[in-house]
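The two complexes that follow have chain A in common; it is paired with chain B in the first and with chain C in the second.
So, the complex of A and B:
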């Protein structure tokens, strides 16, 4: 991870894109992406206890909920950044959901997906996402 | 927002949230750690936001006996008794602890969110009786809970600690406190109240006592752990699991000694209790999910494809990792082993009614 951006104590990795709803999206092969949640999101959720995955192979439209991250005091919906097909989920989270807290950008990845459309309009650059976090912190 | 006397300490060490208009710590480190500290060692909670009212006078006993369905006449001196105040429809005005010092002197401890309501309710019913109400909420109340709480507290007092559901003044860490063998976590321990008039500087002495507990190994615990702990033992939280619209007979709390349904000479809500006896349509149960998922307040109970009830509390147990909660279900599904579905964000997860809480000491 080269030169991450820091907003307060929150780290924003610069090798990927983001949604304004705090998911990160990283292309790992042609048209294949990993999805996870940002450091800010995991810190807001606190102790993550469970991830409710949908079935692998299922297709989702942009903005549909593809999985739910459950923490002790809150839940977070994870949205599809574009039309996609769920290829794989991070099975290790079944036993160790706290990996998302410990390593949100790496071991705590949530899902591997295939993009089914070319619409990337929802994706933010790390700099744009840093502004989203700053704004939320100001409003809090 | 309102703050307790220990606010500065919480602000420095914890993460604060708005709880019924009170700026209170939700956690200091993590809910899981705090929860397990109470189950395995001991923890402390600032519960000063609750209301504390002295009720005194020659009519005090008859007055409280009329306001609650519990037989206050049968409560012993120095006993702390859990019960509730009902409205005329037998819905909950609040659940509370009444301590009897003697038949003319009582302490009523109510929930933070109901302080004004209960104060006004008592004022209204105290008219034309020899009853004096005194607001003693400007005090500090600390719950010390866990298997090691008592033996550790014993190190800083020469007095005997009142046993479970018993109350008495003791000298703890050099100051006069009221110790009650009560709490809301399902663990042994007690609740310690420091009244302003008993110390020279309430903030200073209360903070010293809190820090003494920490020094002796207590884990400071926030409202997050308080919530998961009380859920594991099946205790309701006012506003979540019971409220003015919950008929007491539906709550799973309508039994002795908390309530004597046909108590003489009567209590507010009695008529609505007797009328509804044997005729309630829903009941509060503890349930466990048969697959993983996290049930939460407001999620629907689904039976035969239709919405038939509601989840009022739920979590994943930090202790057992069970996904469980409390729900109101039709009376046909109240027995242990009964099954229903919970709609968790559009996904139906099967649940089974339990025959008791997730955790029992």
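So, the complex of A and C:
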């Protein structure tokens, strides 16, 4: 991960795209993406205790909830950044969901998906996402 | 300020106390003739019941009561729960023999007083809300929401309007709203709030069409902010044929000041255990009556308490169109009774005054808290709140690593119950504070001082705050393992 952006203590990896709802999306092969949550998101959720996955093979429309991350004080819906098919979920998280807290950009990935449309309009660059985080922090 | 030291007893379970044959109570001689049951109904060995003397029993429950916190012990500013004082006269009335000794299957003409209590409560709530009809059946707020959303469904179905599958809910809503709407079979669409913490009108406009079954909204909302554009919001939803639902969890912020029907609402639930002093906090029993405008009264659960020609009776006349019964014997009578006692003791003027003081208390405390280092009051700066406010501990977390959770835990050591934390979700590191009208200026100052002490400590010795509470009967629990590997037991955690 080269030269991540930092907003306060929150790290934003620059080798991937983001959603304004704090998911990251990284293309690993042609049309195949990994999805996870940002460092800011995991810190805001505090200790993550459970990940509720949908079935592998299922297809989702853009903005539909593909899985839910549960933490002590809240649960967060993870949205589909584009129309997609769920190829694989990070099974390790079933036993060790805290991996998301420890390694949000790497070992704590949530799902591997295949894009079913070309619409990438929801994706933000790391710089754009940094602005989203900044704005949220200012609101408090 | 000194910390409070909570009692800690090594209290056994009641089944481990006592001895054979000990009794706390000897029932009067039965005047009902005994009958011989056939063998299949007789148990073979006696039940394992605790056998304790009256003194053993009294000590046991006093010990348990000394190890918990309640509104009778100290301030309880748990936001949106309205943990106001439960007047003792309610309890006295609830213990009247005529109420406690009656069987629920008693014929109407032999339980006139009971039906009268239901009827009078319905009438009082009609006056306070402006609605045409009330059901007292739902036993909790979320149950009232479920009834409300079922009524939405029944209404659209009765008009053969089958395209309405979506309920709109602002992102500041209580989590039970989307759950209730989903339970009733609706799709939920979230409406974002603007920087003032109120409904984003453009976002609302963008989704309004004939797929909308209705809108569920809390006003004042969970930030304690009154939705000023409420008339515009309810008008717009009506314009596309939807119904409007008011979540009455925050009724204490407006009761006696404004009637929900005048804000354009069709359906509303109230929480008698919040606004109207039913005791709660141990998980119930609660009471979540639902009020509806005239055109929806035919869908209410049956029966409704009614009065005609000098007689109170149970009215089943709309049975054909009703969504059905939702609770046996018309809900939790004891809570309905306490609410009526409270309403009658205060009268309209008293209820209005309570609301004014609840709002004044919340704003006074918000003003004090806004001056504490590390805490902010996000959204709608300078706008007065109603009965509750939401502070954010995000600056403190960033500067000292002391979170809203740490603050909440530390408050317990000073004999103050924690505010609601991490809710509403639209505020980071949220502390949702609702002092209620019950608290005096001295106790509001006490809450403020404790928060000030915790802030000072956070900036001086943050590490200590991760260990608290230390003077309570049970210290800091490992919440992660509690969530992941809960051990359910009647025994106290060591």
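Observations, loosely collected:
Following the convention adopted for this analysis, the second predicted complex is superposed on the first by the 140 of 140 C-alpha atoms of A that agree within 3 Å, B and C clash if a C-alpha of one lies under 4 Å from a C-alpha of the other, contacts with A are read in each partner's own complex, and residues count from 1 in each chain.
Heads up, the rule we're going with is that a residue touches a chain if its C-beta (ideal position, glycine included) is under 8 Å from a C-beta of that chain, and two chains touch if they have at least 3 such contacts.
This structure is a prediction, so every number in the text was calculated from the model and none was measured.
Overlap between chain B and chain C is detected when the two structures are superposed via chain A. Touch criterion not met for A:88: it reaches neither chain B nor chain C. When the shared chain is aligned, chain B comes close enough to touch A:68, but chain C does not. In the superposition on chain A, contact of A:114 is made with neither chain B nor chain C. Shared-chain residue A:139: touches chain C; no touch with chain B.
Once the two complexes are laid over each other on the shared chain, residue contacts for A:52 go to chain B alone; chain C is not touched. Overlay on chain A, chain B versus chain C, candidates 128-136, 236-244, 326-334 or 344-352: the clashing stretch is 236-244. Common to the chain B and chain C contact sets on chain A are residues 46-47, 49-50, 72-73.
Residues 26-27, 30-32, 224, 228, 292-294, 296, 315-316, 318, 323, 344-345, 347 of chain B are the ones that touch chain A when the two sit in their complex. Residue ranges on chain A touching chain C, taken from their complex, read 8-9, 44, 46-47, 49-50, 72-74, 98, 136-137, 139-140.
Residues 195, 376, 378-379, 392, 394-395, 398, 403, 405, 421-423, 425, 427-429, 479-480, 483-484 of chain C touch chain A in their complex.
Interface residues of chain A facing chain B in the complex, by the touch rule stated above, are 46-47, 49-50, 52, 65, 68, 70, 72-73, 75, 77.
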